[in-house]
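Please see the structure below; I have some questions.
Read from first to last, the chains carry the letters A, B and C; within each, the first residue is number 1.
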Amino acid sequence: MTISSTRTAHTVSQRRETPRSSTRRLKTARGFGRHCALIALAIVMLYPLLWMLASSFRSSDDIFRLSGILVTHFKTGNYGKGWNGLKFPFGLYLINSAIIAAGAIAGNLISCSMAAYAFARLRFRFKRTLFAIMLITIMLPMHVVIVPQYILFSRMGWLNTFLPLIVPKFLATDAFFVFLMVQFIRGIPRELDDAARLDGCGYFRTFTRVILPLMKPALATTAIFTFVWTWNDFFSQLIYLTAPNVYSVPVALRSFVDANGDTSWGPLFAMSVVALLPVFAAFLFGQRFLTRGISTTGIK
Amino acid sequence: MSDVFSRRRFLGLSAMGLSTVALSACGSWGGKSSGSGSLRAAWYGGDAVHTALEKVLAHYQSTRSGQKVGGEHAAFADYWSKLSTETAARNSPDVMRMSMTYFTDYAGRGALLDMTKYIGKTIDISTMEEGVAGSGVVDGKRYGVGQSSIANAVFVNRELIESVGAKVPTADWTWDSLASWAKAVGQSSNGKVAGTSDQSGHLELFEPYARQHGKSLFTTDGKALAAGQDLVEQWWAYWQDLRAGKGTPAASVTAAATGFETDPIVTGKAAIDFGWVQQIQFLQGLMKQELEIMTIPNLPNGKPGLYVDSQDMWSIAATSTNPDAAAELINYLVNDDFAIKTIGVVLGVPPSKHAVDLLSLEPKSPAGKAVAYVQGLGDKAATPPPPWPKGYSQLSTLFTKISQDIGFGRSTPSKGAASFYSQSKQILGA
Amino acid sequence: MTVIDELRTLSEKTGRRDKSSAAAKEERAAYLLLLPWIIGLVGVTAGPMLVSLYIAFTDYNLIQAPHWTGLHNISRMLSDPRLHNSLRVTFEYVVVSVPIQLIVALALAMLLDKGLRGLPLYRSVYYLPSLLGGSVAVAVLWRQIFGDHGLVNQLLGHLGIENAPAWVSDPSTALGTLIVLNVWTFGAPMVIFLAGLRQIPAIYYEAAKVDGASKWRQLRSITLPLLSPIIFFNLVLQIIHAFQAFTQAFVVSSGTGGPSDSTMFYTLYLYQVGFNNFQMGYAAAMAWLLLLIVAALTALNFYAARFWVFYDN
C-alpha cells in the first residue's frame, strides 16, 4: 500500500522547490472561485440565523408575517422584556447553564479520554464485550431510561441541583465521546507511544504525556460538542431542575412559550440570540485547538 | 491470582451497584413522599401566567408567616412529561394545575387527593358558576377545584366578512346554513378567504355536536364512545364537503395552523373560527380587525350542545405531606381578592361571579366579551358532561390525525370513522 | 499439597513471570482507567436500562406500579399501524439524510482544511446552525422558510413556479423539510472530520509530494485511508442518531409528528406513547426493538469496516 511506502519517508524534511510564479495566477483564480462558492453557501447557511436576529427586533405578529431579514421598525424592547420577563434576570439562567456546561466538559474530557485510551491501546480481558456494551448504551432512546434515572437521583436527594446533569459525565456516561476518542487514538501512530514505553514511561505517563497532547483535536471536539449539547439539552434539564432559581437557559426559554395563550415570541427570540452568543464564542475559541494536533509535531 | 481477585471484585461491585439501583428504583413504586415544611406549587402556561402566579405566591407567603411556597412552572407540553416523571417517583408537587385533558388519567389512578372534606370548609366554592363548581368530580369524589369558566364559542371577523360582500350569520344559524354560507364566502373571494376554519380534527367541538344530536360523546363509565360511528362519519363528511366547496381553507393551511399566530382567522384565511371562549384574547391580540363572539351552530331542532365548566383545575397530590396547607393555598388562589386581581384573566374567564364583579372588565375588551358570552349563554347551555375519560389525550390526537388523513385524501370519512371507532375501543377500554 | 509440588509450581511461575506480570500490569492499568466508566455503567446507565427492559414486559402507566403482561406489548407492536408507519418514516429519514449529510460534511471539511484565507470564519459560519439545537426558534423559522407563503415559495414564485406545495404542512413533503433541516446542521460531523484531517501527520503529504503524487492520488492513498476511522465513526454514530431523531420533528411539528403522521419518527411516537398516553411499558418495548434494530445495523457496520477502515496497527 501507498501508506507503507510514504511511511518510509519519515525522514524527509525539505520541501521540494517548485517553480512558483506560473502556478500562482492559476492558484489565485481558483482561490477566488472557491471563495465565491464558500460565501454563497455561507449565505444560505446564515440566512435563517439572520432572520432569527431580525425577528428579535420585531413584534410577535411581524415575526410570523415576514420572512425577510431587513428590519424597518426596530423594536429593541424585546431584549429588555426577555431579560427581565421571568422571575429572575436572564443572566442567572446563563450562569446556571455555564456551570452545568463547565462541569460536563470537565467530566467528559477526563473520564472519556481515560476510558478511550484503555479501549484503544491496552489489552485486557472482556475488552470486546465491554466495548460492545458501551456502544449499546448509546442505542437506547433516553426517554425510557429517564424515569428510572430520575427515581435513582431523587432517592439520592439530587433533584433541583446540577448534580444529575454533571456527575454522570465524570463517569463517562456519554459513550459517544469514548468512541470518538477511541477512533482518534487508533489514528495516532503506535510508534509514538511505543517509543515512550521504551523510554520507561508507564501506561499513565504515556497517556498523559504522549496520547493526550496528540489528541488535542479530539479533545477540542469533545469540549465543543459537550458545551453545545449541554447548552441546548432541554429534556433532562426540564426534569431535574424544578425551582426557577436553578433553571437553565433552555428551560427558561421555554417559559416564554404558552400553548394555551400568548407566547412572547419577541422576547423569546431576543433571548435565543443572547443564548446563542456564548455558544458561538465558545466555538470560535475552541476551534483554534482543532488546528493543533499531530500536524504541529510533524515536520513542517 | 490477582486477575481472579480483580474480576471477583469487579463482579461483586457490579452486583452491588445493580441491586442498589434496582432497589431504589423499585422502592419508589412502594410509594412515600419526601416531607418538608414548605409547599410546592406547579403550573403550566406562558410568562404572563408565571409572573402573575409568582406574585400571588409571594403575597401569600408575606401574609402567612412560616408558610413557604415554591413555584414551579413549564410550558403545557413540557409540564406533562415532567409531572408524569415526578409522579412515577412519588415526588409530585403538593398543589398542581390540572388540565381536563389529563385529569382522569391522574385522578382515576390515585395520583390526586380526594378533597371532598375540604370543600365548604377550607375551600369555598359557593360563589362559583354551577358548572364550574361541579367540575373536578370523579365517581362522587372531588379531585380538582375549577380555576376558570370555559365554553365553546365562535369568533367572527365582521370586517373581513363584509369586505367580501357577505353578511355576518345570525345567532339562529344551523350547521347547514353555516355550510352554504361558508362556501359562498369562499367562492365570492375566489378561495382567498374561506368562510370558516376547518374544525374536522377537533374532538372538543365534536362533543357539543354529538350532544346536539342527543348523544353523549362517551358512555357514563368512560370505557367507550357513546356517539355512534355513523355520527363520526357524518362529521367528517360535513367538513369534507366544506373543504371541497372552498368553505374552509385547504388541508395544508389547516395543518400549518399549530398555534394562535398561524390560525387561519389571524392570517386572514378564514372569516370565522371556533375555539374555547377565552382564546378571543389571544387571537385578538394578533389581529387588527375586531373579533366578535357567537354561539356555535345547532341543528334545526337540536338539543343544547354547549356547556360551561372548568377545564383547568387546582389539584392536590395524593402523596402530599401537607394537604391541609395545600387546600388553604388553593382556596386563596380562587377566592382571595388580591389573587383574583393579580391573576385577572390570564388563566381564562374567572370562575366565580365574585371574581367577575371584582375585576369589572371593560365590556368591549376581549376578556369582557368572553365573560359576557359565558354569562349570557343561559338555556343554550346544558349540564356539562362528566370529566373526559382516561385516554382522552390519545383519542383526541388520533381524531386529529385521521381528520388530516381525510383532508389530504389519504382516507375517506367512512374509512376514517371505522378506524377511529375500532381504535377508540382499544384506547378507552384499556 | 506437598512442599515439592509447591516449589515446582513456583518455579514454573517465575519462568513466565515476566510476561504474565506485564500483562497483569497492563490489565490493571486498563481497568483503573476504565473505573469511572464502569462505575457509571453500573450505577447510572445499566440499572435504568435493565429496569426499562423489565418494564417492557409490563403495563406501566407511570402512576401505578407496573404489572406483568408477558409478551402483550410485543404482540401489540405487531399490530400497531402507527408504529409501522413510524418505522417506515424513520427508515426513510435515515437512508436519505445520513449519506447526504456525511458527504456534504466530508466535502466541506476537506475544502476548509487548509490553504484558504478566513478559514476559521467559514468554519464557524457553517457550524452555526448546529449550535441552534432544538430551540423553539427553529420551529418558527422552518415554517417561515417552508410554509405556504414561506421564503422557498416566494423564490419559486419569482421563478414563475406557482402552486408549489406548502412544504412543511403537506404530508408528502414534510419529511423532506426535516431532512433538509438535518443536512443544514452538517456542522457537527464536519467538525469531527476536520479534527480527523488535522490529525493526519503532515509528513505523509510531504513524502507524497516528494514521490510526485497527484492531489487525487494523495486523497485516495493518504487522506481517505487515514481518515477512515473517523469516517467510520461518523457513519456509525450518525446512523444511531438518525434512528433516534426526535428534537427536530418534535419542535417543527409541535410534538404531533404531523401532518397525518408524516413526520412521526419512531422516538417521537415512543415519547407520545410513554408520556402522553401513559403507556411506558409499551414505550419501553418499542425502545428495545429500536435497540435491536440499531445494534444489528451497527454490528453489520463493524463487520463491513474490516474491508475499508484502516487502522495504524
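Points worth noting:
In the analysis below, a contact is a pair of C-beta atoms (placed from the backbone, for glycine too) under 8 Å apart; a residue touches a chain by one contact, two chains touch by 3 or more.
Keep in mind that what you see is a predicted model, and the values were worked out from it rather than measured.
Averaging Cα atoms per chain gives one point for each, and the point farthest from that of subunit A is the centre of B.
For this structure, the chains sharing the highest number of C-beta contacts are A-C.
Centre-to-centre spacing of subunit A and subunit C amounts to 15 Å, using the average Cα coordinate of each chain.
Rounded to a whole number, the gap between the C-alpha centres of subunit A and subunit B is 39 angstrom. We define each chain's centre as the mean of its Cα atoms; on that basis subunit B and subunit C are separated by 37 Å. Residue positions 3, 21, 25, 77, 81, 85, 88, 259, 262 of subunit B each touch two or more of the other chains. Under the contact definition stated at the top, the residues of subunit A that touch 2 or more other chains are 63-64, 125, 146-148, 152, 254, 257, 259, 265. Annotation for subunit C: residues 27, 31, 39, 43, 46-48, 51, 62, 254, 271, 275, 280 touch two or more other chains. The residues of subunit A lying in touch with subunit C in their complex are 1-3, 5-10, 12-13, 15-16, 31, 34-35, 38, 41-42, 45-49, 51-52, 55, 63-64, 67, 110-112, 114-115, 117-119, 122-125, 127, 130, 133-141, 143-149, 152, 168, 170-173, 176, 178-180, 183-184, 186-190, 202-204, 207, 214-215, 217-218, 220-221, 224-225, 228-229, 231-234, 250, 253-254, 257, 259, 265, 268-269, 272, 275-276, 279-280, 283-284, 287-288, 290-295, 298-300.
For subunit B in complex with subunit C, the touching residues are 2-3, 6, 10, 13-14, 17-18, 20-22, 25, 29, 77, 80-81, 84-85, 87-88, 105-106, 109-111, 250-253, 255-256, 258-259, 262, 390-391, 393-394, 397, 400-401, 404-405, 407-408, 410, 427.
Only residues 3, 7, 21, 24-25, 27-28, 34, 40, 44-51, 54, 70-78, 81-82, 85-86, 88-89, 91, 259-262, 266, 281-282, 285-286, 346 of subunit B touch subunit A when the two sit together in their complex.
Interface of subunit A with subunit B (complex): residues 60-61, 63-64, 85-87, 125, 146-148, 150-152, 154-155, 157, 159, 235, 238-239, 242-244, 251, 254-265, 267. The part of subunit C that touches subunit B in the complex is made up of residues 24, 27-28, 31, 38-39, 42-43, 46-48, 50-51, 61-66, 143, 147-148, 165-166, 168-171, 253-256, 258-261, 271-272, 275-278, 280.
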